[in-house]
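Read from first to last, the chains carry the letters A, B, C, D, E and F; within each, the first residue is number 1.
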C-alpha cells in the first residue's frame, strides 16, 4: 500500500474513537438481518408448506419434512430471540441462562400462535380473491401477490411484538416494506379478511386499529397528525381506528387518533383528520370540476 | 425437545388437516419463484448480452456464449411453462406428454418474439434518454434505470400473457414491482417509446392500452374505478386507453374505461374519470391558490 | 434441438447485427451491478463496523478485522472505478495505466472522506431518533430503518459523484431506491441531521439543495417542473432549494428552481412551484371542507 | 427437442421400471450426504471452537456462540438420525413418532459423549506433535494435518456406530477417506494417543482393535485375510488386534485375526498374518541385499 | 499501490508474453471443470434418481422431475461437448454450426447408452454387496462406497471416450481419482460385476482390458512396464488383460501387455510382468519367512 | 429443550475449561482454510490466466482482467500472511503495524517470484507431456492432471516456506495432498522438469532435495528412516537427495539422508536406505522368481 492509502485507512480506524453514536466496534449480541430473512423463509414453509416446500432432502414424506422444518424454525427463532432480547434495557441485566430460558418461552408461545395466524391468513386470502377481478386463482395470490406477502409478514411480526421481543418485529416489517413498498408497523392491530391491492406507498402506523374486511389501495396513509413531539409521544395513541368493512381508495390519508366507522368508503386522495360515522362515503368534492383543461392549440 | 415444544409442533402439523384454502401439503407442479427470477436473469442476458454477459465459462467467443445462453434459457422456460400450465383448469386434464408438447410450442413462440421485443426496447431506451436530462448516456439507463428494468420485464411478461401461460407473467411482473415500485399488469398493452421516470407507485391495470411515446412519472395510477364487483368483473375492460405522445405527471390518476387522446398532458395529482380529447392539457385548477400560508410568528 | 427451435435461436443471434442501440456483444469495461452491491456491503462494514461486522475469519480482534475490511473495500472500489471511468467520454482515450492511476487517486480521496461521512451520518441517526416516537433505540434505526439506509447510500454516492465518477453513483442510488422506494439523486446536496420517515415514493432531484435538520415524509417530491427540454436541460438548475429546519409532510411536491425558506412546514399533498419565505407554514386550504360526505343509506 | 432426443429421454424413464436393484424413484427417508458433511463442519466447531468458530453472527461472546452452535448441531444430528434409522430393518416398522423419540435419545447420548471424545483427541494431538519433527506447533496439526482430521472423524463416527445408527457412520468415515486417503472403518476400536503420518492408503478394518500410543504410517493395511466368504463373514472378527505402543511403518500389512503385542515395531512393507509377541521388531530380511544393481553403461 | 507492488504486477503481466507453453491469455472454448463436476451430479440424478433426487422444485411427481433432470443434463452435456470438441485437432477447422451439430449427435448417443450403463452398474452393486461382509445393505453401497462411485464415473467417462470426445472423459476420471484415490483411465475396458474395495492407490491404465466379476483391492496397479518411450507409445497396447472372476489383492502390480487368465487369484504385493494361465493362484513365496524378527530386549 | 439435552450442552461448554491443549475459545488471528483455498484459486488464475480466467466481470480485456486478479490475489495474500505471522513465536511480540509492514514485504517478494515459478511450471508441463503416452495434449495436462496440480501448489507453497511464513505453506500442501493423494512437504527442494504420474500415495519429506528431470510414480516414498527422535530431529536433514534425470517407479521407498546419483532408475517396490552411484539401475532381484504359483485344481 502507498503511504497515502495507508493514511486514509488509519484515519478511518482512528475515527472509531470519536465518541459518536455510531462508534461501536463490538456488540455482544445482534439480531443479524440475513438470519431474520432466512427465518422468514422458514416461517413461510411452516405456514404454507405445499407452496414453499423445504429445500431439505432428509425426508420425502411431506409431514415428516414439515416437522423437521418446524423444529428447525423453532431453533432459529429461539436463537434470534436470544440475540435480540439484550437490546431491550429490561433484559440487559439478565444472565445468559435467564435470557435463554426467556427466549425458549417466547418461542414456544410464538409457535403456539401459528394455527391462529394460519386461520387469519386464510380469511385474508379469500378476501383478496373476492376483491380482485385480476386474480386468476388462489395459488397466484399466495405465490405472487405483494399484499398477501406483506400481510403474512405483518401477522408474524405482530405476534412477536405482542410478546415484546425487541428489534425482530421491526426487521421483519421492514423486510416486507422493502419487498413491497407496504409499511405496516408490527404494533398495529388488524382484523381478519384484510385486503391490500398494489400496495406501494401504504403506511399503517404503530397504534392503528383495523377491523374486519378492510380494503386498502396503494398510497393510503393511516398515520399520525404530527410527530413534532418526537420521543415524548412514545406509546401514546396517535393513529386512526378503522371500523369493519371499510374501503380506502388510493392515495387517501387518515391521520391522527380518529375513527372511521364500519362500512365507510373513503375515496381516492381524500385527507381526513376527524371522525367519520359508520356507513359514510367520503370523496373529494367536485374532484374533476377542479381541473383546468386547455386545448394545446 | 420439551413436551410443550413438541405439542406446539404437533398442533401445527394437525392444523394442516383443517380444511383451509391454504392447507396444501403437496402440489404436483409449482412454478418456483426463485427459478422464475433466475430465468429473468438469463433473459436479460439474451436481450442485452454485452451488458449482462453470461457467467458461464464454456466459451469466450461472445456469439457462441450467447447461443448457449439462449438454449439454456429456452430449456428453463420450457420447464417453467410445464410446471405452470397445470395451474390453469384448461390444462389440468392433459397428460404430462401433452403438457410437455404444449410447453415446447409456447416456448418456441416466446423466443421467436424476442427480436420484436428487442426492437421495442430499443425505442424505449431512446425515449428515456431523450426525456431525462439527468441521463448521462444510454449504458447508464440500461444498467441502472428502474423504469427501463420494469418495462423490459413487462414486455417479456406480456408475451407470455399473450400465450396464455398462467402464473409466470404475474410472478415476473411482481418481481419488477418489488424491485422498482412499478406495478404494470402483464395484460396491459403498451406501445413503443415508453418512458417511466422514478416510477415508484405507478400502477398500470390489466386492461389498460397505452399508445406510442407515452411518459409516466412516479405515482401515476391507470386503474379501475371501483372493484366492488370483484370476480364478476373478470376479463371486462375497466382501465383507461391512453393515446400516443401523452405525458402524465406525478401522482395523477386516470380511472375506469376512459380515453385520453393523443398528445395530451395530464398534470400532477390530477384525478380523471372521463374522456379527454386529443391535444389537451389538464392540470389542477389554481392548485397553489388553494394553499393556506401562515407565518409561524 | 428441433429445427424450429434452432431457427428461433439463430434469429436472436442474427438480431444482434441489427444496428440497434442495445446491440452490444462486448464492452471492454463494465461496472457490474452485483459487484457494486457487494462493495456497498463492504462500505457498510467500514462505516458501522459493530453493526455489520465482516464475515471474514482472518482476525478476531475487531481493529485488525476492520483494517482488512477497509483495505478490501479500497481495492474493490479502485477496480470498480477503473471499470467505470471509460464510460465517460473524457476517459475513453486514456491508456489503461492512466486510468489505473486516476482510479487510485479517486479511491484514496473517497476513503479520506469517510470520517466526514461518518460524522454526518451520526447527526442523521440522532435526527431520526429525535423525530420518530416509534423508534425504540438507536440500534434499531441503524439496523432496520429504510430512511437511514437510503441516506447512508446517498452520502456515499454523493462523494463519488463529487469525484465525477460515472455510473457508480447512480447504480448505488438505484440500489437504495429499489430497497426503500426512496429515490435521491447522488447529485443532490443535503445537509446534516436529515430525517426521512417511511420514505416510499420520495424523489429528490439532481440539482436539489437541502439544508440542515430537514424532515421528509413518504411520497414527497422535490422535482423539476417539466422535463420537456430533455437533454438540453442537462446540468441546469431545475430543482428546489430547501432551507434548514424545514419539515415536508407526506405527498407534498415542490417543483422547479424554487426556494423554501428556513423553518418552513409544508403540509401533506401541498403542491408548490414558487418561493416560500422563511418560517412559513403551508397547508392545503380547507382540505377537509372539500370533501363530499354521503351517508350510504 | 428433436424426436430422437425425446426417445433417448423416454428410454431412460422407462428403464426405471426394469426391476433393477438401483431402480428407486423415491425413498421416504434418506440421509443426504451434503447434510452429513455440514453436520461434520458443525461438529468440528463443537469440538474445537477456537479453531473453527461458527460462521453465525448472532453472538460475539464465544460461549454464547458455542452454545448456539451446539444446539444447532444437536437438532441437525437428530434430524439426520431420524432420516437414517429407517434404513435399518429393525426400525422399518416403527411409527414416525417412535423413530423421532429414538432419534432424540441417540442424539442426546452422542452429545453426552463429546467431552470424552475431546479428551481422547487431546491425547491424539499431543501424540502427533511428539512424533513428527516437521510439526511446528499444535495449531498447525489441528488445522492442517490429515491424520488428525481423519482420527477426529473416526472418533465421532465410532460413537454413532456404537449407538447402532445405520448409514451415518459410514458416510462420515468415507468423507474422511475421500479427503485424506485414510480409510478407518467406524466399527474399529482405537485407544488414545493415536498417531497417523501422511496417511494415504491406510486401511483399518471393521473389527480391528488398536491399543494406546500406536503409530501408523502411509499405506499400512490392518485388514482381513480373504473376503471370499462375503456376507457369511458379517460381524465375525476378521481383523488384527494391535497392542499399545506399537509402530507400523509405511506399506506394512497385518491381515486376519492376529495379535501384535505391546511395544512391537513393524517395518516398512512387512506382510504379517500371524501373532507377534510383545516388544518385537519385525523387518524385511535383507531387504536391500535383495536388490539387483546394474550400472547403466 | 506502492511502486514496488506495481512493478511486481507489471512483471507478471509482461511475463505472459514470454513464449511459454502455458502463456495463454484466451481460449475460445474451454471445458470448465466446475461445469463438468455439476454435470456429473446431474448424471448421478439421472442414473440413481431415488438416491440423488433433483434439487429443483418445479415438480413433485418424481417421473416429471426426472424428465426435467434428464433434459437439463442433456443440454449441459451438449454444451460441454461443444466446448471440448475444438480441443481436438480434428475439429479445430469445423465451423461452429458443424461443431454444434456434432455435439448434438454425440450427446444423443451418450444418453441412449444410459440404460446399458445402468444395467452394468446394477451388476457392480450386487458384486460389491456379495463381496464385502461389512456392507450392511445396498443403499449404503450406493450412497457411501468410493469403489461404486469410481466405477460409476468410469462407466460414464468410458462412454464419452468411445465417442471420441476430448478432455471431458479425463476430467471426469480425475474427479473420481481425486475423491477416491482410484485412478481408472476412461480408455480401459471393464466387464460387469466389477468390485473395488477401499480402492486408494488403484491404477488402471489406458489399454487395460478387464473381464467379468473381477475384484481389485487397494493399491493394485494394472500399469505399463516402462514409459520411457513417451509419446511414441501413444495408442499402443501397453497394459494387461485380466480374465473373468479374477481377484487381485492389495498392493499387487500387473505390468505390461500380459494376460491373467480367468479365475486367477493374485496375492498381496505380487509383482507380475508375464502371462498367468487360468485358474492359477499367485502369491509371494514364503512372504513371512522373509521377515527378520528381533526381540527388543 | 429438554432438561437432559440442556445438561449435555452445558457439559460441553464446561468441558472447554478443562485445561486441554485443544481448549481454545478464541484465537486473535487464524489463517482460515477456506480463505487459503480461494487464494489458491486466485493464484491459479494468476499463473494460467487463459485456463482459469477470473470469474470477475469488471473487464473483458484479458490483460486488464488479469491485472485486477493479480491485485486482488496480492491483497488476500497479504491479509492471510498477516493472520499467519503471529502463529510463529518470532512475531508474537510484534505490534500490528509491524506485522502489517512485514506481511507487505513478504507478499511483494512472493509475487516477484511468480515469473520464476511460471518458468519452472513450463518445464514441468513439457516433462509430463514427454513422459506420458496417454497425454493427448498440453491443455489436458494443465486442466486435468493431478501431478501437475500438486507440483503447482508445491512450487507456490515452497516460495512461502522460503519466506518463512508459518502455517500457510502447510495448509496449501495439504490441500494438494487431499485433492491428489500426493504429499510434498513445502520445505522440499525440487528442480525443473519434474514429472509425477498417477501420484496417489507419493510422500516427499521436508528436507528432500530433487534434481532436474526427475520422474516419480504412484506410491513412491522419499522419507525419513525413523521418526523415533520426534521433535529433537526438528530441522535436521533426514530425507534423501535425488540427482537429476532419475526415474523412481511405483511403490519404491528411499529413506534417510541418502543420495541417489544422477541418471539412476529405481524399480518398483525397491526399498533403499543407502547411497546409489550415478547411472545405476536398481530393481528387486528375481522379483518374479519369488512368486509361488499354484494351479487351483
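Please note the rule applied: a residue touches a chain if its C-beta (ideal position, glycine included) is under 8 Å from a C-beta of that chain, and two chains touch if they have at least 3 such contacts.
Just so it is clear, the model here is predicted, and its values are computed rather than measured.
Asks: Minimal path length between subunit A and subunit F through chains that touch?
Replies: 2
Asks: Tell me which chains count as touching both subunit A and subunit E.
Replies: Joint contacts, listed by label: B, D.
Asks: Between subunit F and subunit E, is it the same set of residue numbers doing the touching on each side, over half shared, or a different set?
Replies: Homomeric contact, different residues on each side for the most part.
Asks: Mind checking the centre-to-centre distance between subunit B and subunit E? Centres are C-alpha means, answer in whole Å.
Replies: Computed value for the inter-centroid distance: 49 Å.
Asks: What is the distance in Å between the mean C-alpha positions of subunit B and subunit C?
Replies: The mean C-alpha positions of subunit B and subunit C differ by 24 Å.
Asks: Which subunit E residues sit where two or more other chains touch them?
Replies: Subunit E, residues with two or more chain partners: 1-2, 5, 26-27, 30-31, 57, 60, 63, 67, 71, 104, 181, 200-201, 219, 251, 269, 284.
Asks: Spell out the part of subunit B that touches subunit C in their complex, as residue ranges.
Replies: Interface residues on the subunit B side: 46-51, 62-63, 66-67, 70-71, 74, 104, 108, 111-112, 114-115, 118-119, 121-122, 125-126, 129-140, 142-146, 179-181, 197-198, 200-201, 218-219, 247, 250-251, 268-269, 284, 287-288, 290-297.
Asks: Subunit B touches which residues of subunit C in the complex?
Replies: By the definition above, subunit C touches subunit B via 1-2, 4-5, 8-9, 11-13, 15-16, 18, 20-27, 30-31, 33, 87-88, 166-167, 170-171, 174, 177-178, 181, 183, 185, 187, 200-201, 203, 205-206, 219, 221, 223-224, 227-236, 238, 251, 253, 255, 263, 265, 269-274, 276-277, 279-286.
Asks: Going by the contact rule set out above, which residues of subunit A touch subunit D in the complex?
Replies: Contact set of subunit A toward subunit D: 26-32, 34-35, 56-61, 63-64, 67-68, 71-72, 75, 79-80, 82-83, 96, 100.
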